[in-house]
Structure formats: C-alpha cells, structure tokens
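The data blocks that follow each hold one structure.
Next, two complexes with chain A in common: one pairs it with chain B, the other with chain C.
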Partner chain A sequence: MQSPLRLERRLTQPKWLNWGVPLLSLLGALILGGIVLFATGKNPISVYARIVERGFASTDAFSRTLISATPFAFTGLAASVAFRMGLINIGGEGQLYLGTIGAAFAGIAFQDQPTAVIIATMIIFGMLFGGAWAAIVGILKAKFSTNEIITSLMLNYVAAIFLDYLIFNSSSYWRDPKSYGFPTGKRLTKNAYWNDISIGSIEIPFGFVVAVVAAVIVWFLYNRTRFGYEVGVIASSPNAARYAGIRARWKIITVMALSGALAGLGGASDVGDFRHVLDAKGVQISGYGYTGIVVAALARLNPLSAIFVAVFLGGLSNAGYALQGPDFPSGLVGTLQGLILFTAVAGEILTRYRIKRQNTIADGVIV
Partner chain B sequence: MNNNILIIILASGVFYGTPLFFAALGELFTERSGVLNLGVEGMMLMGGVSAVWASQHIPGTSWFVVLCSILIGAFAGALVAALHAFLCVTLRTNQTVAGLSITIFAGALGLSSYFANVWDVASETVKHPIRILNPGGLADTPIVGPILFHQTILTYLSWVLCVLSVVYLFRTRTGLKLRSVGESPQTADAVGINVAKYRYIHTILGGALAGVGGTYYSLTIVPQWVDGVTKGAGWIAIALVIFGFWRPDLTLLGAYLFGALQSLGLTLKSRNIQINGSILDAMPFIMTVLVLVIVSGGWAHKRLRAPASLGVPYEREER
Partner chain C sequence: MISDNIDSKLTVTMNGIVKRFPGVVANDGVNFEARAGEVHALLGENGAGKSTLSNVLTGLYRPDEGTVSLNDEVVHFDSPRIALERGIGMVHQHFRLVNSFTVAENIILGEQSSSLFMDTASAVERISALATQYGIAVDPSARIWQLSVGEQQRVEILKALYHGAKVLILDEPTAVLTPQEADALFTVLRSMVAEGRTVIFISHKLDEVMAVADRVTVLRAGKTVSTIECATTSTRELARLMVGRDVVFDRVIRANHAKPDNIVLQVSNIDATDDRGRQALKSISLTIGESEIVAIAGVAGNGQRELAEVISGMRPATRGTIAVNNEVVPNSRVRKAMTAGISHVPEDRLHTGLVADHSIEDNLILKSYRGAPISKMSVLRRRIIRAQAKETIEKYDVKTPDTITPIRLLSGGNVQKVLLAREFDSLPSVMVVSSPTRGLDVGAIENVRKRLVDAADSGVGVLLISEDLEEIFALADRILVMYEGSIVGNIPAAEANRESIGLLMGGGSLSAENN
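Now for the complex of A and B:
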C-alpha cells in the first residue's frame, strides 16, 4: 500500500503559488468534469462553451448571473467569518431560510411604509432571524461544547420543515389565504421590491451592492479591528487566547450570530431582489447555503475574493438553470461545484508540500 | 395483538433504523481509524442510485438481482469513500472540508442526481425491491415476530455485522491495531502498523456500508429513485456514532430509536391520531441536537470519548 509519491513539507512558499494553485485547481476541476461528461456520453467542450455563453457572454446573461451570485456571496461571507475562527458553520442553508422568513414578514408587515423603510426593515429582520438561528448553535457550542458541524446541519432540516409548515401546513401570517390548491406565500407589494441599479446595460441587483458593502465591512472587521485580531488568535492558538484573557465562549456566540446574520441577509436579498414572496420550495432547491461553503473555500476565506468567486459560481448556476434539459441534466452544476471544491482542497496541499518520488528502498528498511 | 401501536412503533423503529445503522457502522469503522467522514450522505446517495440502476438493468431471477444491486450499491459507496481516503490520508487535507466536498459533489444536488438523470432511473418503480423476508416462520411468533422478524434480509445481515464488529474491534488483534491507529498513529507506526493502509481500508469499508444504507432507501423504503432520497440520514448516522460512543452495539440501539422517531409521524397518522406532522418530522433532527448536548458534557464524555486522533492527518515526518 506504499504510494510511489511522497509529500515533503515546503520551507518557503514561492510567489507563483498564490495565483497558480487556484488556476490549476480550476483547470483540474474542468478536466475531471470533462471526464464525467465524456463518460456519460456528452461533449465536454460544447457543454463548457454553453455554460460560458449562458453565464457570462452577454450583458443580459451577466445580469442574471449577478442575481444568482447575490445569495452565494452572502452565504460565502457567512461561511468565511465562521471558518476563520475554526467554527465549521454548515448551517448557512437554514440560516438563509430564516432570513427569507424574517424579510418576508417585514415586507408584508410594513408594506404601507416608504420603500426605503421597507428595505431597511427587511434587511434588519432577515439578519435578526438568521443570526438568532445560528446563535442557537453558538450557545450550544459555548455552553456544552457540542459539535457545531452536526448541530448546525440538523438545524438546516428543522428550518426547512418550519418553512414548509408556514406555507403548506398552517394558515400562517406568511401564507396567502386566497391560494387554494397549491398553497403559496403572500406576494409583497411593488414598493417592497428591491430595485436594480443599471450600469450601461448591466442590471446590478440591489442585494449585490449590499453584499459588496458587507464584504468590505467584514474585511475591515477581521483585518483592522481588535475583534478580528482576537478571532485570529482563538483560531490559531486557543491556549494563547485563554492566557491573553480573550473570552472565547462569548466570541463563539458572537461569530456564529454574525455568520448567521450574513446568511439571513442573503435570504432577505433573495426575497427582495428576486422572488418577492416566501417561496418555500424554490429556496430549498437552490442549495444556496451549501454553495456558500464552496465559495468560502475557493476564496480561501477572504471576504473580498468571496464576491468574485460568488459571481463565478453564480454564472455556473445561472447557466445551469438556463440550459436545464436532456442535454444538460440537473445535478451537473452541483457535480461541477463539488469537483471545483475537491481540486481547491487538494490544490491547497501544493502550497504546503512539494511532491517527491518515494525512496522505497530506504523506506523499506525503516518499516 | 400484532396491531398494537407499541409493536408497530418498535417494528418500524427496526425497519427505518436499519439503513441508519449500516451508515453509522461504516462511519464508526472510519472514525475508529482516525478519519472523520462527513461525506456519508453523498456516499449513501451514490449507493442508492447505483443500486436502482443495477436493479433495472441486471437480468436474472429476483434474488440474484437484489444481491447484485446491494453489492453494486456497496461498491459505489466504496468508490466515493476511496476518493475521501485519498484526500484525507494521502493528501492530508482538512478532513472536514474534504467530507463536505464529498457530500456537495455526490449529494442531492450533485452527481447522484446527475446519474439519475443520465441513466433515467427515476421514471419507473423498482422491479426487484428488497422484500420482507420471514425467516422460518419466525415472524408469526407473537410480539417478537412482527418487531424483529418482519424485516428484510438487510436487517438480519445487520445483526450479524453488529456482532462481528464488536468481536472484531474488541477481541481481535487487527481490531486492537485499528483502535491504536485511531488513538495514536505515532505509536501505531512505531510498532510497525501501516497507518495509511488501516485508514484506507476502513474508510473504504465505511463507504461500502453507507452505500448499502443508501440502497435500503432506494430499494426497500421508497422503493423508487427520488433525488436526495436519504433526506439527511447520512448526517444522523454521523451523530449516531457519537450517540453510540463509538460502539457498534450502542449504535444499533440508537439507530432503532431514531428509526422509530422518523416513522412516528406515519404511524400515528395511519391510526388517525391527530398530531402536528411538522413537529414529528422535525423530531429526529431536534433529538439529534439534544442527544449531542447530553453526551458532549458530563461523565459519559470522559469515559467513552472519541478516538484521540480523530480528524487529525498523520504526518510521519512530524513524529
């Protein structure tokens, strides 16, 4: 079982790795995806060409890509802020659902107010709902040291059931009482819509602008403030943090709540920019939260890079919707995302190790 | 007597708990070797979709097709697990991220759904589902019969596996070596145990068992292919290993408890007992959280804890 190759720790990190590794990862993912496509009787080149065409190649396509990219940007930011403290929050999905619930509530309750007030309350309620949902995980982790990976994930399922309950199994505040047959949520009035901002012929969703602002704030928080510094200390050395008097438990709860608030904001943007209704099924099949993990990993937890990665994955996802059909089966986008994540994870290894051929004879003597 | 509601709840606990046990037992072996596998959900779904494909395309008598489908489901799970082992053992990547990528790659929105589309397996019901098997008329014994012996071959197999794994882990030399790899790979390496080999084998074995668990969903419970048919069972399986303190016997009991919880809604509904379905649906997930809270603190955690090197890549140079 001895592998012919071995890994040797790098003592220095050459400059080319910073751009070389992500680029190689992406190339690797495209090749692996090509193999999957080829093996299932598709032409990889034409599939990729159509993804580029429908995702990025026209201003119209790019505008739609930005709509898909907005929730990814938020969930990517949400995952990044938690991962940077070593908190593996994979509950972005459920936190985003709660954000849609909060934002839809505000959108319905304040529908007679001016648009600016409605948008502000939608943002606030989205963040509050998402943040509170994530804080449950943080409190459990801080008080009982439960594994946050599993608790955050379990709460995704609970949130999904709650979302279904509000629309399908109850006559809740969110459900449209006039919807017979297939129940739907109450539609928001036009003045609760988040308007796009046009630059040339590209429509930029308002939520995307909020995401960029949020990314800058997160960057500032983590790189320029005492809070961010302390988070960094906890992540790299919990003991040092304890000696320095940093209250790690309180930080766990705060960071989880912040992470959930960002995911919740993503939910608010999805309601405000795009759906204008609490769409229980639609938001669940999108898998925004899970994609956020891919965004964070590819962006190497940098909030500013997360925006660019989100646009890239948004394009992939948007092309997936546009092309869905016999030639472009559903599941392909998730497969490609997974492959990109694999190669990004595997590529990370190149920044730490160099690959060498195993010296089997010497090794044999030791074993 | 046999329609007593308690008997039905217990019987469905065993019925719905069986796939959870297969997946959890697999995860248990993997974790005992020191590898954390968060890709169980993806491995179950890949096993499930491959088994449906096999069931629709392999010619032959029913039992032969069923056998082949189970083996192919196990093989598909093992294949995905081999990828995980490569990432975690050979490349020494972060095991959490590697496992998550497996689930995103293979999961409900990924490769399992892609294959289901390409192979067109969802359009018809399964021709050869895994049926209930009454071993030697045992199902007709009162009380015990309907609970334990009105089950499929996989349930009976799972009991054999449970006993074998307790013996393997705690009564054999290889099992001792496996546990030492999970506790302290440095020490294991020093006495000449091939750490990488143990981790590869038990990760792949874990994937195969997860694949069988997925097969149970697509060939017994539903039995038809639906994208994401396991609905989070893989994650519950991971929690079950913690719940069972990394012991197969306790994990089996936990699986039946969660199986009963999962099916409680259906059971009560069939008895026309009015209760909010959403709360019942959410119960297994809420219970998992509560169970984690209980076992994470207190004496249980100190006495029966996780393998010490769980989730830590082993780097020989840094011994």
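Now for the complex of A and C:
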C-alpha cells in the first residue's frame, strides 16, 4: 500500500548533485538497457564491453568517436544556451541545416581564397544562416508571444524542405550541374576542407576544437558577463527583470539567434570537417539537432559539461555503427540514448527532492 | 472515517520535537500541547519554528527527535493524508485548490472512492450541512476562480472538516484577509471549538492572538518559551516573550527635520492605467521634500501599486510628468529613473524586488551591474562583487552563512534587509517604499523602520505606501490618502487622527477638506 521510500523536498542543492545525478542516471540507463538486452537473449556485460572497446578503448576508436561527437557538441551547446533563458528551442535541427547551406555557399563562393579565409567565411556564414533562422522564432516570440516550441519545431520542416529544394528540385547555386540521375551538391575543393589536428595518434576534427572554444566562450558569456547576468534574471524572474530595467524582448531575439548560430556552426563543421558537400539527405538522417536536446539535458545546461556528454554520446553512436550486425541490433544505440534521457529527466527529481527511507525509527536515513 | 459529529475529542501532545535542516535547527526540543475545545495560538517571529512544528504534526516532516501523541497514544504520521485520517487537518497559507473546479469538486478531490465517477450530489448536500453548521458562507457549486481569497480560505476549512478533521491547524490565516473577513473567520473558529474541536492558530500578530485564542504557546528560535492563558497576559508581555525584549512602537524620533520646501520629487497630474487597461491613476500630483517621509494611506487596490510603478518607471504614465530635483524624468524608463535618483522597494520582494533563486551577491548588484566598479567592459568582476556583498551583509546585519546563499532560503526579515541594503546603497534622492514591513516579525519591523528613518535623516525623501496605519503614524511627516486613483486627503501627521484617515480611505470626506 505504501512505498518504503518517500521524497522530501531539498532546501539546498548540494554541489555533488551536478555530477552525481548524471552518473546515477547513466547507471540506471545501463541497468534498464541490460534488462532489454537480457530479454532479447544477449549478454549485457559483453555488449557493453564491446561498446566501450569500439567507442573509447583505442586511439583509433576514440578518433572516430570525436567525429560523431562534434555535431552533438554544437547542437548541445545550442540547446543549452536557449534553455538557460527558459527558451525551449527545438529547432536546432533546422538551424543546423541552414548552417550547412550557409557554409556550403561560402565554401563554393570563396574556393579560390586561402584555406584560412575559406574556413573563416564558412564559420561566419554557417553562424549567420543558423542564427537568422532561429531569430525568426525569437522575433515572433518577442513581438507576438508565439510559443517558441511550436514555431522552432515547425521551422525544422521548412528547413528540410528548403534543403531538398536546393539540391533536388532546382538548379540552385549549391547543386552540381554535372550530377545526373541522383542529384548532389557541388563538392568543395580540397583547400576548403577542415583538416584534423593530430595529438599523438588521436585525430581531432577541427570542428571539435571549435566546439570546445565555443563552449568556453559560452560559459564565460553566461557566468561572467553582464549579458549572462541579464539572461539569468529574465529566466528566473521576469518581474524582477522589468523592475531592474532589463529588456526581455531583445534578449529573447539575441539568445535565440545565438542558439541558432551555434547550431549553424555545427552545420558548418558538418560540411567542412566531414561531408565537403551540401548533402541534403545525409544531414537529415542524422538527427543531430534532436540529440542536442539530450546532450543539454544530461549536461544540466552547463556548456562545458556538454562537451563531455557529446563525447560520451558520440562514443555510443560510433560503437553502434561499428558493431551493428545480427548480434548487435542497430536500434540498440537509439534505445540506450532514449533510456539515458529518460533516466536523466527522472534524475532531475533528485536534485529537488531527497529520498528518505520510511521506517518506524524516528530518524530518517538519507540515501 | 468521516463524521460530522465529534464523537472522540483529541488532545495533541508534542514532546521534545527536534527537526534539523542543513545549517539550521528549526525545532530544538519543542513541547506543545493543544486540548480539545480550545483555540491554541502558536506565536513566534518568522523563523521561530512555527511552520516546521505544524509540518511535523501533519506528517509532512518527520521529527529527528521527539514524539507526537494523540490522547496519550504515540503516533507516527508518514504523510498529511494519514494525519488527516487520524483527524488532523491543515489550512496552508497558500491554498491547494484547483481553480477550474467547483468548491464541491475541490473538497471531495483526493477522496478514496470505489466508483469511477465522483458522487458530487451527496457531497454537495453534506458540504451545505457543514457550512450551515459552522456559519461558513460558501456556494458549493461556485468555481474557485470566481471566489475571493477569503472565500477560498473557507473552502479549505470546509475541506478539512469534510474529511473529518478534529484538529485544525491554520498557518497565518489572516495574512490574506481583510479585517472584516478576519472577524468572520474568528467566529467560525469559535463555533468549531464550541463543538469540541481543537484549533491551532499560527500567527505572529499579537492583537489577533489576543482576540481569538484561549491559550498561546510562544516559540523563539526553535524553542518553547512559554505557554500561557490569554486571559492572564497582555499584548506587551506576548511581544516581550516573542522577541526576548521590550518593543515599543511609538512615534520614531527624528534627528533631522523634514524640509518640505526643498522639493526632491514632484509628481504632476499623472494619469495611468492598470494591467487590464482601466484608468488607475487620475491626475495625481504630490511633492516630497528633503528628509520628508510622506505616507500614502489607502485600502489596497486604489492605485497605490500603479503609482509606485509609474514613479519608478515600470509603468507608463498616460499624462503628466515626474521630476526629481527639478529635472523631468523620461516617462516609463526604469534605468533613467534609477539614475535620476529614484529607488523603489516593491511590495513583492521575492519576485519583483529580488530574484528569489539567485544568490545574495547577485541580488545586491541588480541595479549596479551595468557599470564600474561592478562590471568593466561588460565583464562582471566577481571578486569585487563578493567583497562588497560581504561588507553589505555585515553593515546591514543580514543573517546568512555566506554571500552565495539564494534569497529564497533567507527569512522574511533578512530578505527585506538585502533589498533595503541594495536600495539604500544606491544613494537615492527619493525612495518609493511599498508595504515595507508586511509579513515581518516584530524585531524585523523595528529594524526596517529604523533604516527608513535613517535614510530620511540623511536627506532622502521617502514615499511610504502602506495599509498599516500604525506604521504610517509612527513614521510619516505628512499623510496622503488615496481612494479610487485620486488623492483625497493631504494632512500633516501632527494633525491627523485614525478616524479621519479611515474615513477618507473608505471614500468619505471631511468637512474641512471639502474644498
């Protein structure tokens, strides 16, 4: 009739929760995933051991993991930046598409320039396109109080259709006129490629380095500047913001644009680091934008943690690609990701409440 | 389980209750006993441990030490529901009602029922019977959003009675009520104890404790100070027990006299609308001089909030001007108003004047973060912020373990200290202060009033907006009365008396003030 455990509201949130809760969530997800594996006749321990092996255990595997992690890091940062102001930007996906369009444009248009110039313009155009796309959501919310969840989600579909249109249904600037049968985009020239940086035998994608730099900048912006302070006040108490003369409208637009610019930067990295072409189908299959929401949630909206979470999820995906086969169902990685998000959200309860054991002894035990 | 008649009477005994929270001992060996058929007041300052004790009694908290007994039987409540099954009900300060449901639906909500559908008809009948029995006027079919705060409170009381509460705990029930509603509540409580029920009445207001309670237990700093019969005590003695020393609320002696001719704030012909677009201010004009405390008396909702917001730039004026030190302040520009020297202590401290979830140090810079020395090139200088916060905490005697404690964990008095500290330290010419002592305990009230007087003595012109006439008489040099968006009286404090002010507040007129 009664549960042996009960929840008591926490008055303070101890520091250890910042790493303890994600770790506990992860453990919970692994246990739940283990039950799924066991039920389907697999040995959970050996499956997990292989994931670790193929995701993290060798320099080669780790290099590939960083490739998978790079877009997650950008979309995770994008989601964190918006969520920190209470703006639920679900549009990272579409903003990333626009980033690929902008970066591919710069890569094609400036192909005769030196590599440094091409990379810089790809980054700038990726951020501009992604940021402008997200700013539409921000302007609608600031001017007409529309719900940003709905508008940002809807714009994902618009962005996808626009992307298809540029490659499949028009002879746009991006489409390769020499491609018949299956249309493709114009390939970038070699000097527009973003080259990996090698540390020992680990190959670090240039985009990943950009993501780390972006994370540090975002952390500084949100924790050490007037801008971050104002965002914090608006997020926690709109009335107090009004009282202090902080204008929420501009901040909504700015923060949305910043969020979109980070997702767009992810799109630029996708073009510059890996695909080297505006790949309309490839980028849509990946679902980077939605994974970014998982990253932000697991990182508890901390931009620095987002990098680590992205590497972790990148390792999962990478191992998933490497291992898929009859004894390793391809849906398993998605299942695990879903379970991790599920337990992370459940774990949030632990940050606000603590579990007390119910017994007849008067003093409760803090678990 | 449910009975309308009191077949068994309950005596509640709490022995040696200890309840600790991180960093605080909220209850430190509290002894408390409430007998059937009495209104027993639980009196104490904010943070004395009253609410914690009642949460232990209703099973929301489990005591770290000590026992709770009902009629000498030791009990352990694991949840408020189990406590209610044993006859202990609570009416919280913040109501737990579903706005879109009817009164009856709210009352039977959470009832264990074997049927899928709620049996509203018979419930309405029983609710009406209970309401008549105790003289609680509520329409069971009305929806909660249609009801006033006072009526919603009656619904909460009915809900507890309906579920068989023999002991009813009310947490600061009059905080949200008008004086008339409070009187009606006291009548209901008296009729409940006449039936043999027990009422535990939590309060920090001395007058109402004397008015309604049979006995009173005074808590101070988590300990029981004393339990006494109300008939054998006085307000003054209770105040002394509560704060541990004598407190006098007399007219405060001022070091510096007001100079009404050196005008620091001039408000001329201001019109403004309220949130729903109706006219809230009608051609308001007033002046405040250097070192002058001007009070605005009035029943809440007559335009006081809108006036404070217009002066501080939070709300646009549709007509008229505001000038500080003879310079006109641009309309509806908070930051311009700040730099002109207007400081504002709003009524809603936790969610307007401060950011409840943010730390003390972050709240202290809410108005100064834009420039030196707090920030430089848009970057906040954390070390300076912390050092200044430490100084402020010491100077204003804010009780907190450190500067990064969130505001919401501070007691009411300390919250107000932080807010006042920030506003005083901005060195204003004018302070607009709304209900500065509402909800505070005796010691904190004294502190806030002293701070306001100090500010005035240093030359600041203070606009004190308050419903508390006692406070107005203690502090003001001049009293303005607001009624329906207009100023209907302007009386020097020395010539004012309660009756005349009360009459103006109620929309009446004085023969001398007719022209």
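In this section, the second predicted complex is superposed on the first by the 341 of 367 C-alpha atoms of A that agree within 3 Å, B and C clash if a C-alpha of one lies under 4 Å from a C-alpha of the other, contacts with A are read in each partner's own complex, and residues count from 1 in each chain.
We adopt the following convention: a contact is a pair of C-beta atoms (placed from the backbone, for glycine too) under 8 Å apart; a residue touches a chain by one contact, two chains touch by 3 or more.
Given the structure is predicted, the values throughout are model-derived calculations rather than measurements.
Student: For A:Gly287, is the partner it touches chain B (first), chain C (second), both, or none of the two (neither)?
Tutor: A:Gly287 sits against chain B, while chain C stays out of touch.
Student: Which of the two partners, first being chain B and second being chain C, lies in contact with A:Lys190: first, second, both, or neither?
Tutor: Neither partner.
Student: For A:Ala346, using the defined touch cut-off, is the partner it touches chain B, chain C, both, or neither? Pick first, second, both or neither.
Tutor: first
Student: Just to be sure I read the superposition right, which of the two partners does A:Gly334 touch: chain B = first, chain C = second, or both, or neither?
Tutor: The answer is first: A:Gly334 touches chain B but not chain C.
Student: Applying the document's definition of touch, where does A:Lys178 land relative to chain B and chain C: first, second, both, or neither?
Tutor: Neither partner.
Student: Is there a shared patch on chain A that both chain B and chain C touch, and which residues make it up?
Tutor: Common interface on chain A, chain B vs chain C: 2, 8.
Student: Taking the touch rule as given, give the residues of chain C at its contact with chain A in the complex, in rising order.
Tutor: Those in contact with chain A are residues 21-23, 61-67, 76, 78-79, 312-314, 333-335, 338, 344, 346, 348, 351-358, 362, 365-367, 369-370, 375, 378-380, 382, 409.
Student: Quick one: in the complex, what on chain A touches chain B?
Tutor: Contacts found on chain A: 1-3, 7-9, 36, 40-41, 88, 90, 140, 144-147, 149-151, 153-155, 157-158, 161-162, 164-165, 169-170, 285, 287, 290-291, 293-294, 297, 329-335, 337-339, 341-342, 345-346, 348-349, 353, 367.
Student: Show me the residue ranges of chain A that touch chain C in the complex, using the header's touch definition.
Tutor: Going through chain A, the ones touching chain C are 2, 6, 8, 11-12, 224-227, 229, 232-233, 236-237, 239-240, 242-245, 356, 358, 360, 362-364.
Student: Would you pull the chain B residues touching chain A in the complex into a rising list?
Tutor: 38, 83, 87, 90-94, 96-98, 100-118, 192, 194, 196-197, 200, 227, 231-232, 235, 238-239, 242, 276-278, 281-282, 285-286, 288-289, 292-293, 296-297, 315, 317
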